[in-house]
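Several structures are given next for inspection.
Next come two complexes, and both contain chain A; in the first it sits with chain B, in the second with chain C.
And then the complex of A and B:
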C-alpha cells in the first residue's frame, strides 16, 4: 500500500514524536496535579531485623485507609517492604514516585528514612516520617521532609518529665537510679539525650551510672550483676523487645527488686512478645512515651477499625506504631485536602502549614517548625497492668492510677 | 589484559562492547528508578570483583569484607566532614587504612596457619569488633551515625561526589568497568597464576617455589583496597553511615552473593551475578505489587532458592555455563 506523503511528513512525525515524548515525560506530574485522591506510598521494614516493629506499623497503615475514610479522607495506599535495608529503601522510593505517589510515609528506621529522604529531596516529593528518632532527619536541611515523631533527645526529656510526675503521683522517694541502654543507633541517641537532659531535670534521685549493652548479647547477666551491686532504687532502661525479656529474666533470677523499672522512652516493655514470654513478671513496668490518646474520638475510630480488620492483634499493645503511622497518613491527607493538588511543592507547603487538632496520639495540635519537626509531642506514662499497656498519667487521659513501688516478684502469679 | 582480549571469541568481544555501549547510553532512555537499580548492579559487581580476588582467585574465604567497606566509607566521610578533605583525596587515605587492616588480619591468619573456616571466623570477628568500636567512637558520631551534608553548595559539587543520580550512575559504571579491567589484568599476570596455584594446592605451590604467604597477602592487599574504594562510593552515595548498618555481617554476606552466583574465580562472574540478582529481586517486588500481594521476606526466600538452585545445577556459577552456551570462549585452534 503506498504511503500518503502528505499525511506523514518528516516534520509532522518529528513534531508528533516530540509532543508524545513531552507528554510521556510530563505525564506523572500532570496526573499528580490533577488527581482528587491522595496516593501515598508507605515504605516500612516488613522483613529483616526490624520486621517486628515494621509489621506493626504496616498493620497501622493497612487499617488507616478505612479509618481515614470514616474521617472523610479518601486515600490510595501503596505498601512496600524496604527489608530493613537502605539500598532497598532508596530504590523503592524511586519506584513509588515513578508509579505516581504524591508523598511517602515511613520508614521506622533512621538509616532507611535518610536514604528515602535524599530521593524525595531530589524529586520534590514530600516525606512524612512516621517513626524515626535520629535528630539529623530534621537537622540536615531537607526541604521535603516533615516528622511527627520526637527526636531521641525530646523522648528522653519528655520521659523524664513524666517520671517526675510519676514520683509526685505515687509519693515514692527514690534516692538513686541506674540507666541501662542498648548501644544501637536508638539507644545511643537516648543516652546522649539523657546526658543532656538529666542534670537539668530536677529529679530527686542521683544517677549512679549509665551502662551500655549490646542488644545482640546472649544474656544480660553481667550487666544485671553490676546493677545489683549498685543497688539503685530505680532502673531506667532503653531496650528492644528481645533484650527487654532477657533483662527482666536476669533481674528476677538474681533476685534484684528495684522500686520500679521505667523506660524514659523506648520499645521493649510493651511488646506482645514481652507479655507472652514473662506473663505476670511483665506487669507494673512503666514506659514514659508518647501514646495513643484513649479519650480521643480519632483514636476510638482507629481502634474500632483495627479491631475489625486486625482481629489477631491487640490495639492496646500496637497503638504506638499504629497510632504514629496513622497520624502520618492523616497529616498527609489533611495537607492534600487543603492543597487541592498532589504536586510536591504545593503539598509540601500545605504540610508545613499543618495545624491538626484531632489526631490519634496524645498532645496538642500537630504543627511543624521551619525544619519540619513537630516539637510538641508529649509523653505519657504507660504501665503494664494485667499484661496490657495502660495509660496511668497524665491524669486527664489516664484510665488507671499508677502503682509504685512494683509488687515483689515472688508474689506474682 | 591484552591476552584476555585476544583470547576472547569475536562473540565475546562484540557482547562486551555492546554491553558497555548499552550501559553508557542507558540514562538516555532509563528513568530514575531503573538508574537506581543499575547503580546497585554496578556497585555489587565491583564489590563482588574485590571479594572474588581473595576467594575466587586466592582461595581464602572472607565473611567480613564489610570491615574494609566500612573503613573506606568512614575514613573518607570523616576526612570530609571533620577536615574538609574531599573524597578524591580521601580515597587515598581510605585505601591504606583498609589495606592495613586487611594485611593485619591476613598476617594473623596465615602467619599462624589459621585457614579455611577458621580464617573466615577471624574475618567475621574483626568486622564485628570494629562495628562495636565504631559504636563508641564519638569522633565519627558513635552509634548515632556520621552524616554528610545533603544540602547547600558543598553537597552539590561533583568534585566532592555531590550531585544527582547521573553522577553516581557513571561513577558506579566506571568502578565496575575499571574493576573488571583490573581483575582481568591481574588474572593474566604472573601474580594471578600464583594465586590460582595457591588456591588449588598450597603445598604444591610452595614446593615449586611460590611464596604462599606473600601471594595471599597480595590478594588481601588488592581486595581490601578495592573494597575501600567501594566504601567511599557507598558513604557519599548514601551520605549517612551507621556502624550497625555498614559493618553488619549481613552486608558482608550481601556482597558475596553476586560472585558466588555468577561464578567464583571468573572475571565476569560477579557482573553476571549482580545482573541476575538485583534486577530479579526488583522484578519480583514489582510482580508482587502488580498482583496486589504483600509477602514480606519473599525476596529473601527467592534469593535463597536461586542460590540453592544455581549451586545444585551449576556449581561453578552461571558465567562458565553461559560462556560455553553462547560460545564466548575462543575455540581451541
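And then the complex of A and C:
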C-alpha cells in the first residue's frame, strides 16, 4: 500500500509535539541569551505590613532605569508586588522567570527573599538582594544569589562601633541599656547579632534585657511599661516605621526620658512616616546604618533623577531604601554589561566577579565573597535634626555634630 | 512593681473596652441575623479612615465626629443589607462567607488605592498627654476612647431594652417565625440591625483611630480579634462582647508584661481555646 507522505502519523505528531514543547521550554533561555537589554524583575512588598518600606524601595526602582541610563546602562524593569507574603513572593518569582527576566532584585524582607532564592536556585536565575539582613540568605549555599546589604550581625557590629564613637564624641556616660527588637526575621537576626557582638563591643554600659515585640501589635504600651520599670539610660531599638512611631508615642505618654533612643541598624527612625507622625518628637533619635554617600557622583546622579521623578518625596529621607535598591540594579547592570549575555550561569559568574567602585551607598568598591556576600558595607550615625536624617558620624562625612543626651520631650511640643 | 502591674491592667482594660465595642457590632449582627460579618475588621478600618479624613481636612476631633460617623455607617449598613446581604440571609454559610470575604477584599484594596499603605496617624493636641493618678500613667486618648466605647455600648443596650424597634429586633432574634407571624417587618428589622452593627463598628473605628494609626493592613487582624472576643464572650451576647474585649485587653497586657510582649497574642488564643473547651457557648452565651 502506498504511503501518503502528507498524512499525520502518530510518531510524527509525537515528534512534532516534543519539538514544540522543547522550543517553548527553551524559548525564554534562548531569548535571554540573545538580548542586549537587561531585563530585571524587581520584587518588593508594595502592600501588606511592610508596604511603607516596600513602596520606598519601589520608588528607588522606578527612578533607577533613568539613573542607570544616564550612567550608560540600558535596563528594562518589571515591578511586582509580593504583598509582604513569602508565598506570593515565590509565585511572583516563578512568574517573572517565565516572562523572561534575566535576574531578580529584591525583596526587602528576608523571609520573602529566602522564598525567592529557592526559586532562583532551581531555575538558575541570579537574585541580587537589595535589602535583607537574615544571615541564612548567604549561609545556605545558594549559588545564584549575591547580597549587597549587611547581615544582621554585620549591621549590629557596625552599629555598636558607631555607638561607641557616639559616646566618645558626646561624652555621655550611660550605665544601662535595654534592647527592644521586632520578632520578625530581620529583628531576630539583629538579636542574634547583638547577643554575639555586644559582649565584645567594649561599650561602657550593661545590657539589662532584650525585649522582643510583635511588629503587627496595636501599640507598644506594655513594652514601654516594661522598659520604664527597668529604667535604662539608653534604649537600643530595632523597629519598622509604623512601630517606631508607636514606640516613641508610648514613651512620651508614659513620660519616660532616656538619654537616647538609638538603633544599631534598622529602619523606622528615619522614615518620612515617622517624621510626619511625630513632628519635633521625631528629632534627636539616632540610627547607626549604611547611608548614601553625598559625595559620590553616582549618588548625585540618582538624587537628581529622584528629585525630578519623585518630587513629593525627600531623597534625604528615602536614600537608604532607594540607595540600596539602586545599587542592586547597578550591580546587575554592570554584571550584564561584562557578561554580554542574560543567561543565568554567565550572568551569575559576572556578578560574582563584581568590583564596582562607583556606587550610591558609602563604602569601598562592591565585591562579593564566595558566599555572595559583600562583607564591607560600613555604617554611619544618622541623627534626626529638624525632621531630616543628618549624618553626624563619622566626622569626615558628617554635616552636623551629634547631640546627646536628647533634649526633654516637654520642650519640643 | 505592684504599681506598674496595676498600670498594665488599667491600660489593658481601657484598650479592651474599645475592642469590646468593635466586637459588639459583630455580635449584634450575628445574634439577630445569623450572618457572620467577615468584613468586620475592614469596616472598622474604614471608620478609622473616616475619622482621619475629617481630622485632616476639617480638623475635627474624632470624639466630636463619633456620632455623625456612626450615623453614616448606620446608613451604609442599612443599604448594604437591603441590597447585597439580604439575598444571602438564610443561604448556606459558605455562600455568606464568600460574599463577605469578597466585600472585605474590595474594601482593603479600595483603601490601598485611595490612601496607600502608609499608617495614617491622628495627631491630636492631647495625643501625647497622660493623667498621672498616683503612680499610674493613663493615656488621655485611651481614657477618652474607653469612655466613648462605654457610652456607645450603653446607648445600644438601652435601645434594645427600652425602644419598640429594639424589642422587635430582639423578638426576631428569639423567634423569627413568631416575629413574622405577629406582623413584624423582618426585612426592615434586619436592615436596621445590620445598620446598628455597622454603626458600632464605625464608632469603634473612630475611637480606635485615636489610639492606633489607620492602615489597611490592620483589617484582617481586627476581624480575627473581633471573632476571638465574640466567641469568648458568647456569640450574640452584647454584654459578653464587652466582657470578652476587656478580658482580651487585660490578658494580652499582663502576658506581654510578665512573659514576653511578642507572645501576648498567643494568650488571647489560649483563652479562646480554654473557653471553647470549658464553655463552648462563650462566657455569656446561651447553651445551644
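We adopt the following convention: the second predicted complex is superposed on the first by the 386 of 413 C-alpha atoms of A that agree within 3 Å, B and C clash if a C-alpha of one lies under 4 Å from a C-alpha of the other, contacts with A are read in each partner's own complex, and residues count from 1 in each chain.
We adopt the following convention: a residue touches a chain if its C-beta (ideal position, glycine included) is under 8 Å from a C-beta of that chain, and two chains touch if they have at least 3 such contacts.
Fair warning: this is a prediction, and the values are worked out from it, not measured in the lab.
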Combined model on chain A: chain C and chain B, fit or clash: clash
Chain B versus chain C as contact partner of A:162, first or second or both or neither: neither
Touching partner for A:192 - first (chain B), second (chain C), both, neither: first
Touched partner set for A:245, first chain B, second chain C, both or neither: second
Touching partner for A:343 - first (chain B), second (chain C), both, neither: neither
Chain B versus chain C as contact partner of A:223, first or second or both or neither: second
Touched partner set for A:380, first chain B, second chain C, both or neither: neither
Touched partner set for A:51, first chain B, second chain C, both or neither: both
Partner chain in contact with A:148 - chain B first, chain C second, else both or neither: neither
Which of chain B and chain C A:79 touches, first, second, both or neither: first
When the two complexes are fitted on chain A, the stretch of chain C hitting chain B, from 55-63, 73-81 or 271-279: 271-279
Set of chain A residues, in rising order, touched by both chain B and chain C: 46-47, 49, 51, 54-55, 183, 212, 214
Parts of chain B lying in touch with chain A, wherever the complex brings them together: 31-33, 35-37, 40, 132, 135-136, 142-145, 147, 149-152, 164-165, 238-240, 242, 244-245, 250, 282, 285-286, 289, 294, 296-297, 299-300
In the complex, chain A residues that touch chain C: 46-49, 51-52, 54-55, 84, 183, 211-214, 216-223, 225-226, 228-229, 241-242, 245-246, 249-250, 252-255, 273, 276-277, 279, 281, 409, 413
Chain C to chain A touching residues, read off their complex: 1, 4, 7-8, 11-12, 15, 112, 116-119, 121, 123, 127-130, 132, 137, 139, 211-213, 215-217, 221, 252-253, 256-257, 260-262, 264-265
Interfacial residue positions of chain A with respect to chain B in the complex: 46-47, 49, 51, 54-55, 58, 78-81, 83, 86-87, 90-92, 94-95, 97-98, 110-111, 114-115, 117-119, 121-123, 134, 136, 140-143, 152, 183-185, 187-189, 192, 212, 214
